[in-house]
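Chain nomenclature is as follows: A, B, C, D, E, F, G, H, I and J, assigned in order of appearance, with residue numbering initiated at 1 for each chain independently.
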Amino acid sequence: MDRSVVTQKIIEAKVRNGMKWSDIAKAIGESKEWVTAGCLGQMTFTKVQAEAAGKLFDLTDEEMAWLQIVPYKGSLPTAVPTDPLIYRWYEIVSVYGTTIKELIHEEFGDGIMSAIDFSMDIQREPDPKGDRVQVVLSGKYLSYKTY
Amino acid sequence: MDRSVVTQKIIEAKVRNGMKWSDIAKAIGESKEWVTAGCLGQMTFTKVQAEAAGKLFDLTDEEMAWLQIVPYKGSLPTAVPTDPLIYRWYEIVSVYGTTIKELIHEEFGDGIMSAIDFSMDIQREPDPKGDRVQVVLSGKYLSYKTY
Amino acid sequence: MDRSVVTQKIIEAKVRNGMKWSDIAKAIGESKEWVTAGCLGQMTFTKVQAEAAGKLFDLTDEEMAWLQIVPYKGSLPTAVPTDPLIYRWYEIVSVYGTTIKELIHEEFGDGIMSAIDFSMDIQREPDPKGDRVQVVLSGKYLSYKTY
Amino acid sequence: MDRSVVTQKIIEAKVRNGMKWSDIAKAIGESKEWVTAGCLGQMTFTKVQAEAAGKLFDLTDEEMAWLQIVPYKGSLPTAVPTDPLIYRWYEIVSVYGTTIKELIHEEFGDGIMSAIDFSMDIQREPDPKGDRVQVVLSGKYLSYKTY
Amino acid sequence: MDRSVVTQKIIEAKVRNGMKWSDIAKAIGESKEWVTAGCLGQMTFTKVQAEAAGKLFDLTDEEMAWLQIVPYKGSLPTAVPTDPLIYRWYEIVSVYGTTIKELIHEEFGDGIMSAIDFSMDIQREPDPKGDRVQVVLSGKYLSYKTY
Amino acid sequence: MDRSVVTQKIIEAKVRNGMKWSDIAKAIGESKEWVTAGCLGQMTFTKVQAEAAGKLFDLTDEEMAWLQIVPYKGSLPTAVPTDPLIYRWYEIVSVYGTTIKELIHEEFGDGIMSAIDFSMDIQREPDPKGDRVQVVLSGKYLSYKTY
Amino acid sequence: MDRSVVTQKIIEAKVRNGMKWSDIAKAIGESKEWVTAGCLGQMTFTKVQAEAAGKLFDLTDEEMAWLQIVPYKGSLPTAVPTDPLIYRWYEIVSVYGTTIKELIHEEFGDGIMSAIDFSMDIQREPDPKGDRVQVVLSGKYLSYKTY
Amino acid sequence: MDRSVVTQKIIEAKVRNGMKWSDIAKAIGESKEWVTAGCLGQMTFTKVQAEAAGKLFDLTDEEMAWLQIVPYKGSLPTAVPTDPLIYRWYEIVSVYGTTIKELIHEEFGDGIMSAIDFSMDIQREPDPKGDRVQVVLSGKYLSYKTY
Amino acid sequence: MDRSVVTQKIIEAKVRNGMKWSDIAKAIGESKEWVTAGCLGQMTFTKVQAEAAGKLFDLTDEEMAWLQIVPYKGSLPTAVPTDPLIYRWYEIVSVYGTTIKELIHEEFGDGIMSAIDFSMDIQREPDPKGDRVQVVLSGKYLSYKTY
Amino acid sequence: MDRSVVTQKIIEAKVRNGMKWSDIAKAIGESKEWVTAGCLGQMTFTKVQAEAAGKLFDLTDEEMAWLQIVPYKGSLPTAVPTDPLIYRWYEIVSVYGTTIKELIHEEFGDGIMSAIDFSMDIQREPDPKGDRVQVVLSGKYLSYKTY
């Protein structure tokens, strides 16, 4: 058994029972973004969170233990993603990557936006010309320093 | 001559003259995100925008003509970016890619967030524990349909 | 269980029973192009479509549930396809890619032909010098906009 | 000098003079699809076609000779294209590749749609919900035979 | 079950029973080249051929059905083959590729040698300095045409 | 200066003067296959051959010296060739690779067909259903031995 | 001109004049590790540092301006480095990567060692069995948090 | 059975029993860095070490034998690691690779820091601005020599 | 069953019984280099050799038959090997590749050192400064010829 | 200027003057293997060696300085070499890699054969069945140790 077995079991239970991520998130007590990432094998659960997940998905003790182990992260099967929804994000990085770099450096200097001390919020943005997906990313600015 | 020659000339002028993207954006009359992407060779200028850029960067007529030609997009030299700032974005796609996919599908159904009918806003988010980079992405939802 | 298990079961049933995609499409009530893509794990079925498929291929409730889950898309095992029929399409993209780009931009400006709001029709085109395959692709034009 | 030098010269002349592919095609006397591919270095010109191009783009005798040499084909800088317009075509191959394979085999048997004895027609398809790009591909069916 | 299961079963039967490809070819009634490719999962059998194979290798009805389904072609596990015998052929393409291109174009004009309307014959060529492998490839010439 | 400079100069002279490989081969005194490969930078000329080439293409002494230096071989810019004519050969290796391996081993045992002690002959094969390209490959069989 | 031109000029001056990185570091006033990375185009200089470098390497004003622009980072020509000294570091990541991950997680929980808020110190470690290279890496621990 | 089976069994036992690498290291009698690498399948155990591991993880004789066999090393599933913690180390190699090379050569001459005669020590470095990870790498300097 | 099953069984038996390759080689009657390569699935056994192996490793008739089938060669999981011992050999090819090429061509002319008519001998070379691995490679020189 | 410029100049001088590596080696005073590698940009010259090379190839002071700088090593343009002579060495690593690993480990334990403390000797081995290339590789054994 490893973490991927638990991930697979959670996904199967979710499909079988027609559960929604937003409901799962409420039961576990964190944002839907963090909880989904966790259930998909990218985040580490606390004991309390793992037990909440265990109740929801009918997990064994060993499976709950795996949820508390830091996973080997990376959720995609190929370096350039083939799924159209995920590819659009890769395309944003490809087309706008140097733009993002220029603007963050102009505002902050030489450093990065953290992908660790980071949160994400995905919302529907109603629009008469067709609703939009709005995503807010917030990451701590970390500065390169001289030494 | 091709578009990359104009891009290179713009970047050189910007460094030589110590210009800022936000000022360049004001002169051209669009958001700093779009204008930076355009100056880096990813967007197509209108005649008016190209002439404004021409004045700023002292471009020839031929160079202004190239700004109005749709470029071959993609701003990065490798499929997996080596620059740490841009890599963090690639990492977000790698770690959270399936999460983003799940949550957009849960809210909207089978479709994508457009990377074409799309805008981006990058801001400093003051924070006592260290300022944060806040990025708002907004893309039209496009639905797969049966036929 | 995941979607690929259902795809595999459908293909096996089709071979075992000597079914045709055009007949399957009629039973499910959409075009043969969409239905084939769906059965091969690339599209999402509605409840009604999933039940029609379930009757045809003798699927369980859980399998029908998987047909209604948005799949991770991408149907090929390698980035450059090895199968000769599919490679010819990749070759068209490789040889004519820049041509397609130039002509769509000339007619429409900077934007893309959607691969989401998209349909495809494959027909036999009788020809005395040897029949031809005729494929009509139709995708909504989406424009890059300034912001 | 090689073919890419002539391609580059043609593109520069086109941008400098604000020419359109459809007009260039009329002057050379073939479809806009074939002529654009030819001017972008993918097709071989006859003497007459090369001279027509020579007049349009002010080419030397040596440059016209290169237009009549079969080029090394392939118009894209990377195996997976980064340009969004061209990527959408790659995505069609990735998502629908196995569908196209199934339907051509069902109609014709084991064989391919030729990418050599092939033509393409790109048109605007007016649509009240937003115009569409319509592309018709026509390739001779070639059958695998036993021997 | 899919085609690879049948391929595997055929190879195992061949090894277990010490059969030769040339004998198998006679039983199936086509050249040893085509039959070997077919048994290795690259070609599509007719009903008669599949039944002959079924008798030889003791196949079930379902397995014979799979032999009549067009397979996803491509017989090698990596893009650059590691097996020395097969690599030598890749090396011929690598070293002589542009030579082959020049000479076919010189004789025929812009077009290709078909790999579909194609046959191959592999023979021992006795030679006092050491026997040689002689391979004759014959493919229909297909011409690029203007349109 | 290196070999590629000489190759480029030879190709340019050939295009400028409208020379044919078969005539060049006669002047140099070897088969058209070997001479074309040599002129494209894949083979090593003797002094006599280099001087014959020197006369044909108006080469300097230094350029003739380079023709006599063993080149770094490999004539293609990518591991999987993009040019349709050359790709068809790669496809033959991909589809028939295991077939070729089986049949050579069946006839000769464990070993390879040499790509060094090797010759190639490319001819037009007239055919009422459309002429064919016939290629004869002949390579010495080399056996793996125990030691 | 871009940053790589300045990097090249600095390296040439260093070789021509037989300078040492440790002396250059003293002149610029930071550690030899940071200064070397900066001179090799990976770090951003302040105005004072750039002027010190300008004096040492005889740089123009424009070249000093480029030293103050955040560079596109990544110093290696291939994803897997070919240089033996640098490869050994890649090998450490390959062999010990999961070990490092386990031990940092055991000590700190789910998070990373920053490569931005990071310093490095390279020293000779005298040893009678042969001197050793001792490298001390120090990076801030950054924790993944729930949200 | 191969080494990976034993590795998997050890990891499962560790998770199930909530063991710590530092405790396991004490039981086996080497540093936590070496023991973790060994348990993850990268190092070779002596008979005594294997028996200590066997007692801890309840291994069979055959499993203990595998721990004493030199493994095929390399602990990561992709050439560029996707896990953020491990990627940071790859990023250090990418950004600082040429710096490390320059400084080791400046101090020692042409040679490498061994990754074989090598040790590693990972410690928490308390810091009021946030604790740091401190890693000390020590590798024997090996010199290229003339011969 | 295929060859890899037999390879796996042989390796397991060797580990379980603590056998040595040099003893296995004696029992089979060839050099330890050839026998090891054969047992690892890279060489073809004669009937006598297969039976000797069968006795040593307790193989079935079918398994012995597989040892006499020419295998698909190539023993490494990745194009650039990750194992440090094997990587050092890849590094020799990378660093000294052009040197080896120059010196063989200088001594022999244009041709290769065969990797088929080839043998290898690996010995310990005692040395007071630390023992050395000495490897003698001997391959027939094969000459490119004109035709 | 960088090292590759000096390498190119040396190779050009060697071709122009018809020099041999063995003579160059004598003039520089080391083995032909080391000297060739050095001239091809893989090794570092001492001052004396650089001056000897400078005399032979008519190098400037700056060029001789570059010969004394440790180069970025790796002599091949692609990860899998396309040149047939060099490929055969890659093939040896691919086919015999696991064999070499097994036998060195059997004789020495867990460790590697150094590619740094390493020498190579390439000789003609006369043989009535055709001369052979004999290569002796000698590398120090380096042991993994526990710590």
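Keep this in mind: a contact is a pair of C-beta atoms (placed from the backbone, for glycine too) under 8 Å apart; a residue touches a chain by one contact, two chains touch by 3 or more.
Composition by chain, UniProt nomenclature: A, B, C, D, E, F, G, H, I, J = Cyanate hydratase.
All values derive from a computational prediction rather than experimental measurement.
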Neighbouring chains common to chain B (Cyanate hydratase) and chain I (Cyanate hydratase), by label: G, H
Path length in the contact graph (chain F (Cyanate hydratase) to chain J (Cyanate hydratase), fewest steps): 1
Fraction-based call for chain C (Cyanate hydratase) against chain B (Cyanate hydratase), same above half, different below: same
Most remote chain, CA-based centroid, reference being chain C (Cyanate hydratase): J
Pair exhibiting more inter-chain C-beta contacts, A-G or C-F: A-G
Chain whose Cα centroid lies at the greatest distance from that of chain H (Cyanate hydratase): D
Equivalent of F-J within the choices A-G, D-F or B-C, defined by over half of its residue contact pairs recurring: D-F
Approximate Å spacing (C-alpha centroids) for the pair chain B (Cyanate hydratase), chain D (Cyanate hydratase): 29
Chain centre separation in whole Å, for chain I (Cyanate hydratase) relative to chain A (Cyanate hydratase) (CA means): 47
Where chain B (Cyanate hydratase) touches two or more other chains, by residue: 33, 72-74, 76, 79-84, 91, 94-95, 98, 101, 105, 111-112, 114-116, 142
Which pairs of chains touch, using the document's own definition: A-B, A-C, A-D, A-G, A-H, B-C, B-D, B-G, B-H, C-D, C-E, C-F, D-E, D-F, E-F, E-I, E-J, F-I, F-J, G-H, G-I, G-J, H-I, H-J, I-J
Interface residues, chain J (Cyanate hydratase) side, partner chain F (Cyanate hydratase) - complex: 8, 11-12, 15-16, 18, 77-78, 80-84
In the complex with chain A (Cyanate hydratase), residue positions of chain C (Cyanate hydratase) that touch it: 1-2, 62, 65-66, 69, 72-74, 76, 79, 115-116
Interfacial residue positions of chain C (Cyanate hydratase) with respect to chain B (Cyanate hydratase) in the complex: 30-31, 33-34, 43-44, 46, 49, 70, 72, 98, 101, 105, 109-112, 114, 116-117, 119, 142-147
Interfacial residue positions of chain I (Cyanate hydratase) with respect to chain J (Cyanate hydratase) in the complex: 20-22, 32-33, 36-37, 40, 42, 73-76, 79-81, 83-86, 88-108, 111-115, 118, 120, 122, 124-125, 127, 129-141
Touching residues on chain A (Cyanate hydratase), where the partner in the complex is chain D (Cyanate hydratase): 80, 82, 84, 87, 91, 94-95
